[in-house]
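Remarks on the structure that follows.
Letters A, B, C, D, E, F, G and H name the chains as they come in the text, with residue numbers starting at 1 for each one.
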Amino acid sequence: MTITLNGKSQILDESAELLAILHDRQVDPAHVVVEINQSIIPRDAFATTLVNDGDAIEILRFVGGG
Amino acid sequence: MTITLNGKSQILDESAELLAILHDRQVDPAHVVVEINQSIIPRDAFATTLVNDGDAIEILRFVGGG
Amino acid sequence: MTITLNGKSQILDESAELLAILHDRQVDPAHVVVEINQSIIPRDAFATTLVNDGDAIEILRFVGGG
Amino acid sequence: MTITLNGKSQILDESAELLAILHDRQVDPAHVVVEINQSIIPRDAFATTLVNDGDAIEILRFVGGG
Amino acid sequence: MNDELVIGGQVVRSRLITGSGKYQDESIIPQVLEAAGCDIITVALRRMDFDRPTENILRHVPKNKILLPNTSGARTAAEAVRLARLARATGCGDWIKIEVINDQKFLLPDNYETIKATEVLAAEGFVVLPYMCPDLGTARRLVDAGAAAIMPLGAPIGTNRGIRTRDLIEILIEEIALPIIVDAGIGRPSHATEAMEMGAAAVLLNTAIATADDPIAMARAFRLAVEAGRLAYLGGMPGASTFARASSPLTGFLDQTEA
Amino acid sequence: MNDELVIGGQVVRSRLITGSGKYQDESIIPQVLEAAGCDIITVALRRMDFDRPTENILRHVPKNKILLPNTSGARTAAEAVRLARLARATGCGDWIKIEVINDQKFLLPDNYETIKATEVLAAEGFVVLPYMCPDLGTARRLVDAGAAAIMPLGAPIGTNRGIRTRDLIEILIEEIALPIIVDAGIGRPSHATEAMEMGAAAVLLNTAIATADDPIAMARAFRLAVEAGRLAYLGGMPGASTFARASSPLTGFLDQTEA
Amino acid sequence: MNDELVIGGQVVRSRLITGSGKYQDESIIPQVLEAAGCDIITVALRRMDFDRPTENILRHVPKNKILLPNTSGARTAAEAVRLARLARATGCGDWIKIEVINDQKFLLPDNYETIKATEVLAAEGFVVLPYMCPDLGTARRLVDAGAAAIMPLGAPIGTNRGIRTRDLIEILIEEIALPIIVDAGIGRPSHATEAMEMGAAAVLLNTAIATADDPIAMARAFRLAVEAGRLAYLGGMPGASTFARASSPLTGFLDQTEA
Amino acid sequence: MNDELVIGGQVVRSRLITGSGKYQDESIIPQVLEAAGCDIITVALRRMDFDRPTENILRHVPKNKILLPNTSGARTAAEAVRLARLARATGCGDWIKIEVINDQKFLLPDNYETIKATEVLAAEGFVVLPYMCPDLGTARRLVDAGAAAIMPLGAPIGTNRGIRTRDLIEILIEEIALPIIVDAGIGRPSHATEAMEMGAAAVLLNTAIATADDPIAMARAFRLAVEAGRLAYLGGMPGASTFARASSPLTGFLDQTEA
């Protein structure tokens, strides 16, 4: 299946939990905020949210800014 | 009958043409623009426009401005 | 005899020591500097300096300034 | 003989009139002012002024300036 | 040099626009306009004063001028639109200066109502010149709304403080394709020259001339000042530097020894 | 209006004085002078270049102008005096701009040597116009020394920075009875207008015209700018305020209820 | 003296707000914050960079600071709202700096979209600090929309040009009941002092500290500058005058003759 | 950081020098000096007032301060020398601020007499700090005359106008090896910060503190302002630009499509 992760097309073998996707990428869930298809996913739902084919995922974190 | 002319209440004996009202007040019709009840009266209709009881008339002209 | 003290003419009965003149006027010698006839009188000479007829004395002290 | 003309050493065969020196260099006498050994030479004396060995001559003219 | 200013499709020769308010003696206005050399003059619309029914500012305005009525007194877009329509009904043309003001201390224009009024009036065929507080976003919306020119303030009306919003106006000049006319705040000819050097298309002023000791002389001063600034803008002014650069040659000095 | 400027007993019509330096093409100088409308033009004295013996700046200067040679290159009063005497020996008049400079980075005048040179040359009958760093004490001494006018700098020569010494020059204008001519620093017509509005008697500039893309247009711009500023100074400019004052009447609004 | 700044119901001790962007080495941020003494720090929200998954600006921000995420990147109110909600979902508080920018050359805020975003977010309980182009009408609408403070720009972001919109900001300070925080343009401590002397409630800056040669020293400089300006504002600065007033007594001089 | 100011061979820690004149209540001077943190304080010399023989400004000045008597009242070098010698005869040290003033409206120093007095007093072993009208030629002569620092005016005494002679003072800072202390004109902390950012070694002020509503708070404000400006000067302030430079990253935006 194909998802769009931070604007880039990515192929996943199968449906995965959001939390697993973060872990695969060494991302600490406590430091990010996630939108799937423009809906914000609460942090405590990361473990139970399934990412599906065609989903557009935005994983954001704070950076230096003015 | 009572009209409101430029914000002031005025008593008229009877219904009058707009043009007559201007003439009574030494106002040159060519120099003014007139609204009755917030509708603009074209200058060539001054002679044929009847002012009625309760009408709110605004007679305006250009003055110095910046 | 007549002296000029800070621009004002003053009459003294007789020749006097500078220190006495200061004391008469409640002036603490430690706070002032004195010129007689445009010569500065060192503070330790106040007691031994005689003021004579016609002398012009300037007694100055520091004040607030910018 | 050697003269200094506008700061440059120049060798002349023999003593010459100032006017001749100007002419040799295509200089219009009406456009310049001349100093020999720091004395100004009036223009009407150009023809009669002899330049001698060791003279320092300054020939100046107006240029654009602010 | 063909340096034409075109507003609302009409060629305007003079880049100085003057107001007709505040004159102690309105009868000098023709001479002032002559001295100012201006093509456009602003007027306001007010109720007839029945105690002076023959007073008429237009008597003092030569026929060949473009009349630019303002909507002063309007606090909302709706009121500005109403005043603009009345102004047009006088038969004196369809130019209108939008002036929507809610603030009585600084007389600052309300950019939001100004945009709305511009939209309506431009659609009705007016040549709309909105007076505004300089702001790029507002200027872009005024362009979209159909304005014929944009008139940012240099400082509040009648203060004579000069171009205190300079950086914001420079941005408008750089970014907006319409003529930028600096309106309000210009109190001295040097302010007008400065505006024109910045690249403003024109300046509009009233107080500085009308309340001068000698309004006719001052009108002439502003005319020259505007022309000076325009010429300088077109003529390529050299930039400024920190260190000095001699105006006279740095060679050929007396007493120098040369090789 | 009889608004005459008199310097050294001579009536000068134009309050714009221009320099003749830095022109890429000196042949345009007559047109520049015509456009500038000026009566006085500065020149420098330098050694004849024998490779170009026929070059002559005076060819480009109309006969009716007042020539104002400067003493550029002088580092002391003595050198300035020597240059002044040479300049007079050309037969082109007895006006002299004293310029004694020891500082090569900012080309700032040395006020002390300038006073000394002024003293000597005024006694010899020169019409002396000293270029100086604005300072009241110096100006007073220059008056005593016999100067015909005082020429304080607005900013270092050739920097085009404008009147950066404004407060000091305003004091000179207020306190000194001689004409105050702002010399150096004026880079834009608005600077010239500002100087004249302040009450300067005239301005002297070179770089801003000579190095403009279009020197003739710029000369005209400065002429207008100077005239504008002078008119404004004479015409009584109104002062500036913090709060707004309406240009259109504050009564007679539509829809107001009246008693 | 009890001189508290309250924003969104929260007492803020420091009137210096700093950004966390543009640091060459983010590890010095704790020292910078310490030197600046600030309570509020801005951050931006961006996509995770999967090549550097452990990078985390918050590591450098002490826990007791108020985090002020901005909506940089938003070109519309809708985008700003979306970013604000995401920022809040991080669990780092509900403060938000609205920054809606359509202009890439000057990065000027879009006042219209800013008002809309403020309205939505204030209604959702955010503490909204909108960055805006100074304009009284906009400020009034932001007040109505529920803003917690108003943040006008002194000059475009990152230009260090100082408070070039001074007159317009002074009007906001005078007319608007909310804290006015000057944001953007402040490039030197003297600019910050000036803002505070004008009566600004606080200043927000980033570039001037982050890109200084020594950011920690500069942070301390700004802290002192802000405090100096605030003290001066409260301490009643005397006004300026044209003529001199002696600091030393004008009597009691040597050699004067007295009656 | 070892940032020492040395004047006349003596290390001075504070770069804020204050005057003791114009206080309504001199008894607050110790608190003012404490708040200002200054090491040097100016006083004037005047005739004893025999009606108040016990009044003594020195009562209010802590022992460890450097006393800087001025020569106010002097109109010539000779008078300044006489006053300086009298001041030294008090036994309060050999520092002297030369102040020779001939102009009663603007209280501008006479640079010529100031140089002469400096020469005499430096030769007599005084630590001479001359107050002067900013001028490079004068400053060079003061250096040669043996001055310990140069004190140009920012604006006339007591006017609070700020650093109106900025360009001339910047040249002094760049060209003169002695400490440049801006004296007079500084009316607000932001002026002091600006002077220090320019690279001034110190500032001297009196009116702005002494006539403030709250002199103690204002003294503290100036102390912070001076320190802020000095830190900024040393800390490498970034320059100003015309176009904006974002403070938040320009990549990683939401919704961008990436390759």
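In the analysis below, a residue touches a chain if its C-beta (ideal position, glycine included) is under 8 Å from a C-beta of that chain, and two chains touch if they have at least 3 such contacts.
Just so we're clear, the structure is a prediction, and the values are computed from it rather than from any experiment.
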Per the touch definition, the chains contacting both chain C and chain G are H
Between C-H and G-H, which chain pair is linked by more C-beta pairs in contact?
G-H
Would you kindly tell me how far, in whole Å, the mean C-alpha position of chain F lies from that of chain B?
61
Taking each chain's centre as the mean position of its Cα atoms, how many Å separate chain B from chain E?
34
What is the distance, in whole Å, between the centres of chain A and chain C, each centre taken as the mean of its C-alpha atoms?
93
How big is the gap, in whole Å, between where the Cα atoms of chain C centre and where those of chain D centre?
71
So chain G residues touching two or more other chains come to 19, 21-22, 44-47, 70, 72, 82, 86, 105-106, 108, 156-158, 161, 206-207, 210, 246-249, 252, 254, 256
Two or more partner chains touched - positions in chain B
6-7, 35, 58, 60, 63-66
Go through the chains and record each pair that touches.
A-G, A-H, B-E, B-F, C-G, C-H, D-E, D-F, E-F, E-G, F-H, G-H
Residue set of chain A touching chain G in the complex reads 6-7, 25-28, 31-33, 35, 38, 40, 42-43, 58-66
Residues of chain D that touch chain E when the two form their complex:
6-8, 35, 58, 60, 63-66
List of chain E residues in touch with chain G within their complex
102-103, 105-106, 108-113, 133, 135-138, 140-141, 155-156, 161, 164-168, 171, 174-175
Note: in the complex, chain H contacts chain C through residues 19-23, 26, 29, 42-48, 50, 53-58, 67, 69-70, 72, 82, 85-87, 89-92, 157-158, 204-207, 210
Name, in rising order, each residue of chain G that touches chain H in their complex.
1, 19, 21-22, 44-47, 49, 70, 72-73, 79, 82-83, 86, 99, 105-108, 156-162, 187-191, 193-194, 197, 206-208, 210-215, 217-218, 220-225, 227-229, 231-232, 234-249, 251-254, 256
